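Structure, as structure tokens:
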Amino acid sequence: MEITIVTVAFIVFALISLGGAIGVVTCHNLFRGTIWLMVSLFGAAGFFVLLSAPFLAAVQVLVYIGAIAILFTFAVMLTRSISNLKTRFTRLNINIAAAIALFVLLVVGVIAPVFILNPDLQQPVSSVTRTTIDLGEAFARGNSFALPFELASLLLTAAMIGAIVIARESDDEV
Amino acid sequence: MEILNQWAFIGVFAVAAPIFPALPILIAWILRPSKPNVLKSQTYECGVETVGDTWVQFRVQYYIYGLIFLIFDVEMVLLFPWAMAYNRLDAFASIVGVIFILLLLDGLLYAWNKGVLEWK
Amino acid sequence: MDCTGLCETLFRGGLDQGIAQFISLLVGVLLVSGVPLVTVIFLIWVERKIAARIQDRLGPNRVGPFGLLQTFADLIKLLIKEDITPTAADRLLYNAAPLVAFASVVLIWGVIPYTPYHFGADLEIGVLYMVAVASLGTLAIMTAGWASNNKYALLGAFRVVALLVSYEIPMVFALLVPVMLAGSMSLLEIVHAQGGMWFGIMAPISAVLFFISAQAETGRAPFDLIEAESELVAGFNIEYSGMKFGMFFAAEFLHVFTNAILLVVFFFGGWYGPLWQEPLIAFMWLGLKASVLYFISLWIRNTVPRLRIDQVMWFNWFRLVPLSIANVLVIATVVKIMQLLNLAPRNLIGASFGEVLPLTLVLLLANIAMGLIIVGQLRTAGQTARVAAENRASVRAAIGD
């Protein structure tokens, strides 16, 4: 396997994603955990770019890092004060052992057999790439994904209404 | 894969961009005096000592604004491909997008009427 | 990846292809980022001079001719100031926040087309990239407020983030219009599509919406409750001193000019102007138009009073957001009807002035109609307010007697 710049980029993004994930589960501080989560998702955005889906990469950064990180921070602030933003880890050793065992089980039992038995998955990523305009047309045309597009909108509206109802009820002053 | 060429530029730029502000800060670190003092390093509160924990009266209003922003963010992001392909679409397809926007406008009107958008 | 220009020269000179590509990319990055970094040095002087003149005073005029070296004096001052980091602050995040805030503004310049042939990167999703990178700055401010471990910094950060997040909605909705008209999110193609007619003339209300939201995004008056020194003691950057504060400061100034350039790219023709085929002249037109818009935003900043946070939020959620949505709906309807009637070209890139003229006129009419409705609304609102104020005054007069 030759080391091209794409391979280097893949390794870098893999390290960022995994490092961020490890940071989330090991840090004691809730706000820092949020930041590590955003670092990890930034790595995921990098993968989307490598897979020729820059639209999804931009969506990832915009929605997760731009909106959800801020919501996490607000939610953390709503539930506790700054000074006790620390969590305690109990029974650390057995938890780590269980996680490693689960990981090994997953790789050996599920991922490796599927990968080896399925020759389609062993091809590099297809060189046929669709552009974002094709995505837009797919969203809107009647013989394509118009209905899921509208359902997505309905889902978003339902989410907004539900969130408003919950936020109102928990606010005693309203 | 020509688009990767463009993104390679962005990749190098993204690594270089935090270095540009880091350089003056490094130069400042070399040049500036460093006389730490217990009083100077304390948290600032208009010259008096901090009373109590660093606890903040958090308003629910911030959270509601963030939430509604998130919903609209996802909506806008889904609208961009539709807008990109807009010139090629037929009438039905453009109405699909209009209905998408109208459904979310509906949600906004609900929020408006329930009074959650006001800053109390 | 293809390897042309500088990369090819280096490759032929004997370097490994990967290293040659990297060096050519690095040179490109330095050239592209040179423009904002040099501009910000000049901008600080411009800002202070114009603010001073509007306030009927002289402004910096001691350091260098006309005070032009004032920025360097400020720079040296900030470099040699002691950096007081509170002990309770979160070191890593405290130091990272100014870097990310500045980087998020500089990264936007990677997609801005300076001339038809000179730009950083022509991304297929240029507009989304720009909005995504700007939203990184929001997180940086929140981090700064939290990492300072200071009540006031946190309160200030919450208010700022609430403001930034609220005004991002009308800004992005206003950006849907150029994307719709040009049929592409690439900034280069959006500028190319304005060859026949500027989008600012086809959709002036979108341009105004983007301008107002951008003013609010950078925290400029009338929305400058972020840096209102009399409240909240300087807000989220209260615990920052020395060069770290300088970076927040420089990032804000650069952000305002970036918004001016983006306004030109999206709505006012980018590098088009007489004799635009010469790259140098095209670049000059871009700079000139951006400077005019930057001056207008400075003018507004130094003239209008500051709004309260509840007024700011009311204005956004009850006026700007519905207006921006209605704007998109109206323009979408008009454009599609014109395209179905074959009066408008399906592809604006390369369309001539005459082909675009019917679409321009109809869109302009629609925008004027919307503008009249808005102005009528403002009139009635103003009249109601005046009547209410007169009633209050007469009630007070009756009681006072």
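Per-chain residue numbering starts at 1, and chain names A, B and C are given in the order in which the chains are listed.
In this text, a residue touches a chain if its C-beta (ideal position, glycine included) is under 8 Å from a C-beta of that chain, and two chains touch if they have at least 3 such contacts.
Since we're looking at a predicted model, the values are computed, not measured.
Q: Go through A-C and A-B and name the pair with more C-beta contacts between its chains.
A: Between the chain pairs A-C and A-B, A-B carries more contacts.
Q: When the mean CA coordinate of each chain is compared with the mean CA coordinate of the whole protein, which chain is closest?
A: So the chain sitting closest to the middle is B.
Q: Please tell me the distance, in whole Å, between the geometric centres of subunit B and subunit C computed from their C-alpha atoms.
A: Those two chain centres are 14 Å apart.
Q: Provide the C-alpha centroid distance between subunit A and subunit C, rounded to the nearest whole angstrom.
A: Computed from C-alpha means, the inter-chain centre distance equals 29 Å.
Q: How far is the middle of subunit A from the middle of subunit B, if each middle is the mean of its Cα atoms, in Å?
A: From the centre of subunit A to the centre of subunit B is 17 Å.
Q: For subunit A, jot down the residues that touch at least 2 other chains.
A: 5, 54-55, 58-59, 62, 66-67, 70, 74, 77, 82, 132-133
Q: Tell me, which residues of subunit B touch at least two other chains?
A: In subunit B, the residues touching two or more other chains are 1, 3-4, 7-8, 54-56, 58, 62, 66, 69, 73, 77, 80, 83-86, 88-89, 94, 97, 108.
Q: Considering subunit C alone, which of its residues make contact with at least two other chains?
A: Expected reply: 1, 21, 123-124, 128-129, 149, 154, 158, 161, 165, 168, 183-185.
Q: Residues of subunit C touching subunit A in their complex?
A: Contacts found on subunit C: 1, 18, 21, 90, 93, 123-125, 128-129, 131-133, 135-136, 138-139, 142-143, 146, 149, 154, 158, 161, 165, 168, 183-185.
Q: Which of the residues in subunit C end up touching subunit B in this complex?
A: Residues in contact with subunit B: 1-2, 21-22, 25-26, 28-30, 32-33, 37, 75, 78-88, 98-100, 102-103, 106-107, 110, 120-124, 127-129, 149-152, 154-155, 158, 161-162, 165-166, 168-169, 172-173, 176, 179-180, 183-185, 233, 238-239, 242-244, 246-247, 250-251, 309-310, 313-314, 317-318, 321-322, 325, 328-329, 332-333, 335-336, 339-340, 346-348.
Q: Going by the contact rule at the top, pick out the subunit A residues touching subunit C in the complex.
A: Spelled out, the residues of subunit A in touch with subunit C are 4-5, 29, 31-32, 35, 38, 54-55, 58-59, 61-62, 65-67, 69-70, 73-74, 77, 82, 131-133.
Q: Show me the residue ranges of subunit B that touch subunit A in the complex, using the header's touch definition.
A: 1, 3-4, 7-8, 11, 53-56, 58, 60, 62-64, 66-71, 73-75, 77-78, 80-86, 88-90, 92-94, 96-97, 99-100, 103-104, 106-108, 110-111, 114-116, 120
Q: Write out the stretch or stretches of subunit B touching subunit C in their complex.
A: Against subunit C, subunit B makes touches at 1-10, 12-14, 16-18, 20-22, 24-25, 27-29, 31-36, 40-46, 50, 54-56, 58, 61-62, 65-66, 69, 72-73, 76-77, 79-80, 83-89, 91, 94, 97-98, 101-102, 105, 108, 112, 117-119.
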